[in-house]
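One chain, chain A, appears in both complexes that follow, with chain B as partner in the first and chain C in the second.
Showing the complex of A and B:
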């Protein structure tokens, strides 16, 4: 049974921020990750602040300025939203492959990008780097699910599917705290373990994500997301790719390539982007992009398969644009 | 997993204010309500306290005293006495606890009971039509879509959710619709047939 916590359901953003200021306060959005963390003692909550009744934090608003998605919007709603499906396909696809139908109707976009890592050592109560300890147990232990890029101090992989898609789509995270609102480019939202292995986002205690903004999609922009896991349902990415391309007359004018499941943060591959940009998507160009994408990969004892898997995922995704 | 807490005292001291108000609304006729001063800021249910909530389950209102940390699954089974929803894993990894919350499929094990307050909750019991099985349940019986039956109420609720949103699913929709429900007995082929049959029965198809 979960350790007792106080529970509060504020009905305004101001009250929510007031309640979140307390020591040991935790946000409850859909609760799909929070409940597991509390149950397994990954962290404790003295107070659970439910955002359920806070108005204005749910739903998708489309305008000429782009699309604004409330942090509390369930993933299922994002997956079936027509504007997101047409103009921001990568996000719709990422939302549609999170967990299961049940998890997608309960889980929210804000919760998806703020979820805690799934590294089994972190979850199982090891005093690891991410808990402030001195060892990443994946290095000498079972590391088949761990990072092949960016594993500095901690080798976990970022668990979120939507984070990769939002990064490829150049989203902005709007955070609110008692000091006011700040707009954080998604590329600055996630914290690499080389900077601080004990946190995943730049959010300060008492701050929360209010909404996520997608810039207007260019007419010639297309995007996609695909992940491979152990099973086709339920499982986190072992390797995934979010891509966004602007094509002019068969040529790649601009490319964004961001990987999930292979690094502690959504992993943008500038090398793959450069190999694509200015070129026609011939098999040779795609092959060069896939090779470039895995250059510098540093697999561990059990996860070298991710190098080939990632290349395969990217190749298949690129063929969608041909 | 039953409550280790003392039942709350009738004077409301160990019941939070919302619970107190609700319980007075339900029982204590004649107490002067205006004596309660309006709260400033939202009301906090302290750790370890129970709060009285009203859950709407299968079209009926069930008052319940719950701790904030109790899952909807625990409250359905142990407090309300509706045991169709099963606990398999308690961590969102099997689907045996699937119920509908406002028509959406959810894992009751990952849902706090307090979070379900005010929503329309449907369990497999709520699909009965009087003493008869409802069409979704009937379809599982007809197609022999189980062996031990432990996963069945969850499969039935996932099917119900799918068909409420999408009355004529494609084979791919069907696989997706029940992709959040494990069956240890491996009855999947018949489960897929059950979903097809349920779609027929629900749209008045031949029996």
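Showing the complex of A and C:
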């Protein structure tokens, strides 16, 4: 049962920011993650600020400058948007494999990149490091779902599918706060636990994501996203790969490789990118990229399989480009 | 008393009380008009339209909402519960715990409250500490938060594999063994192994599976003076009535339990829960009706489970496929209390295949975790997981086809009980199943994928179920109203399996009436006759013969009335489409509604009892499951391409609900084998990790086999009972997981001996295989 809270629905960005400034205020977009967090006591809210009636925060706008997606745009809309499907396939695919149809209709893109971790210790009543406690329970406990990269102090994996795709597509997050607007390159948006294990984004209290901007897609750019979970649906990534490649005459001119499900932030693999860049996608090149991708992986007691899984996922994704 | 005790009905046959025999049982029908067809559920409209009222839907005037405070520690002594602040909150009407003062209404139940419901030592996370009733669920949960509890936290052990180690914390003072090991032996295993050409030994593990019914556990309790009415989500209103009466020290006549609809139990609702008594007590002290349904999290912690198992099997076989010896030793845990943690775990090894030399030893162990409750074929899926993988390994070792090896070892008698089965469908299930599945072709297809990244495999596993024959008692009343419509009155619960529909079909078969004209009154201790809980896959074989007997009793009276009215010999009369007609002599007929004597009396009542099972015989269902998988060696993903379930459950009563049961059984087996696992924080906090359906994964529609074929094997059992039906719900889930495991082994050449077969498990097994081959 959720503790009681005030529920407000501002009708302008300014009002929303005003209301979000108060202590204990929380953004409510689709609520699919927020309500679960409140019910499970992950955190509390004194005031829930619904963005539903804030004008201009929903929808996809395409121009020569790229594509701007309002933070409140439902994932289902992104998944079936033709421009996104054609030019930013990775994002459309990522949006289309989030949770279940109900969650995609209700959940928004802004909420998806701002959702809280799914580590079962964090979600249940464990006073873990991400909640300000002293230990990460995954270290001595069940860590089959946890990080093989970047696990420092906290070993959760970032739960968002779209975050990996947005990183591969080099998106920019536009945040607004009472101090004004800032444009945050997606690579700077997520906070690694080595920096601060208690937060996942650089957003300050009272700040919110207004929209997400994708740069114009080059004509020869192709992208993709695939994740593997325990189940065929309704599951977070055990390992996933967002890739964006520019190909000229069978050669990889430029590559972006970003993994989901294996690190506390969307995990960009420069090593894999290097292995691909300037090469033709032969089985040997793909194999080298897969090996490079898992270099430096530091599996825990129960998640060594993720090393192989990640390679498998990347290999299968690369074969799509051949 | 309130724990699910060992409830051994699934093994020994429930304790039976003979009911009067109205007439000797007739032979099963040789031809049927209604029984065996596909028929939509009689309550389908109610269920899908939302008009069916489940206990959790019930709203009574003035009703309060109950909630339970549960221990956050796997093991603790409760030093005090301070309810002052909680009681002072608005809308809070009652608080009970082992420490709060008891008012006059509760004083007679002091021992129950202080020692049983809220005893001082709590041995698992989620064991109850206090309960409250308030105006709304929100008020109730606010009250829980306001309760102040002092604990003395104690050391715990959460895994049975750690619990027998020296120095392990004790769950109970007398030690962590639940009594001595249970043993069984026949023949001479040492001699059997000496005789064998191949002896294999392997260890298997199955993880704890939780029932997770859609409707959580609970009830609404309401007092009228000294009479208590309980609407409970249950598989059996009479066991709940007995439990409540015993718990509260009341006569049965003052406890009425109603349970017409219920949203799933799978064995976890065979008897009352602690929540039932708490609701009754809260209702008593607040003098208001109380609804107490536990939350999803509470069901994961405290409402039962299929216990984990650790099984070692050693098996001997001759080159010709003859089994020479089977030796099993297994451990399991029913949690913090005696709850049958190893119940049924060795039965298949003793019974399924012909083998003269068998030895088994099972040890139940206490741990600080929620107690087990019977779950769909308790013990059997765990046992099949081990035995059926071992059979496959033996087949491989002697280079024999796994289907052929199983067919070589069929027994026509129950080896454990020394009596023949009425019918033994094991052979037909395996043989006909293999043929319908296209076993040979699928096997060849799979062989062709050996070097591909995505490989195919086929697997088979067989099963029998140690209960499923049903038996007395059952008393059924059938009333014919003056207009020819009927009321069928039976005590059994329809737990979603289609019981009501099948019983209406039996009446329709016998009386030649439209099943839709039959009103069904059931599962109410106040208005229906005693019935055992719907569990053990025995409801159809138990109740349907009694229903048939009631119909025959009614028919006899109706025909006598008609014979007098028409002035003909009763032997010349029969029922046809709502009329009594002559079958010989001059043609005459009279509609039921025109029977003068019926119209004068207003009702004719037929009574039927369940007769005894055949002397000296066993009545058991059998099954064989076949599975074709596709395994991606890069991602470890296992796709269930094709599945076939051959089931010998005697007569098919309703093909629609028959298929439904098998689909449900296989789905649950897929969950057991591939997705479900209760994770306790072993060695760290001992607490449940993952509190909902995102972490406790049940299979979705996309995880079950794309093609799932049901093949009924009906050998025409003329002895089992007067309808020829045997149980189906449980035997449909036993062989599923090992069939998948065997198929995965066939595809990859690696054996996954522990559930669940996740992508991680497949990848780990493949990595180990690679390491092995490079060494």
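Simple rule for what comes next: the second predicted complex is superposed on the first by the 322 of 322 C-alpha atoms of A that agree within 3 Å, B and C clash if a C-alpha of one lies under 4 Å from a C-alpha of the other, contacts with A are read in each partner's own complex, and residues count from 1 in each chain.
As a working rule, a residue touches a chain if its C-beta (ideal position, glycine included) is under 8 Å from a C-beta of that chain, and two chains touch if they have at least 3 such contacts.
Predicted model only: the values in this text are computed from it and were never measured.
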{"item": "Partner chain(s) touched by A:131 [first = chain B, second = chain C, both, neither]", "value": "neither"}
{"item": "Touched partner set for A:316, first chain B, second chain C, both or neither", "value": "second"}
{"item": "First, second, both or neither for A:116, with chain B first and chain C second", "value": "neither"}
{"item": "Partner chain in contact with A:1 - chain B first, chain C second, else both or neither", "value": "both"}
{"item": "Partner chain(s) touched by A:233 [first = chain B, second = chain C, both, neither]", "value": "both"}
{"item": "Touched partner set for A:222, first chain B, second chain C, both or neither", "value": "neither"}
{"item": "Which superposed partner A:11 touches (first chain B, second chain C, both, neither)", "value": "first"}
{"item": "Overlap of chain C and chain B interfaces on chain A (superposed complexes)", "value": "1, 3-4, 232-234"}
{"item": "Sites on chain A touched by chain C in the complex", "value": "1, 3-4, 40, 118, 120-121, 123-126, 137, 140-142, 144, 228, 230-236, 238, 302-306, 308-309, 311-313, 315-316"}
{"item": "Sites on chain C touched by chain A in the complex", "value": "67, 72, 137-138, 140-142, 145, 632-637, 675, 679, 681-685, 687-692, 694-695, 697, 699-700, 702-703, 758-761, 763-764, 766-767"}
{"item": "Interface residues, chain B side, partner chain A - complex", "value": "1, 41-48, 51, 67-69, 71, 90-93, 95, 98, 101, 104-107, 109-112, 114-115, 158, 161-162, 176-177, 179-181"}
{"item": "In the complex with chain B, residue positions of chain A that touch it", "value": "1-11, 15, 18-19, 28, 31-32, 35-36, 38-39, 46-48, 50, 52, 74, 76, 99-103, 105-106, 232-234"}
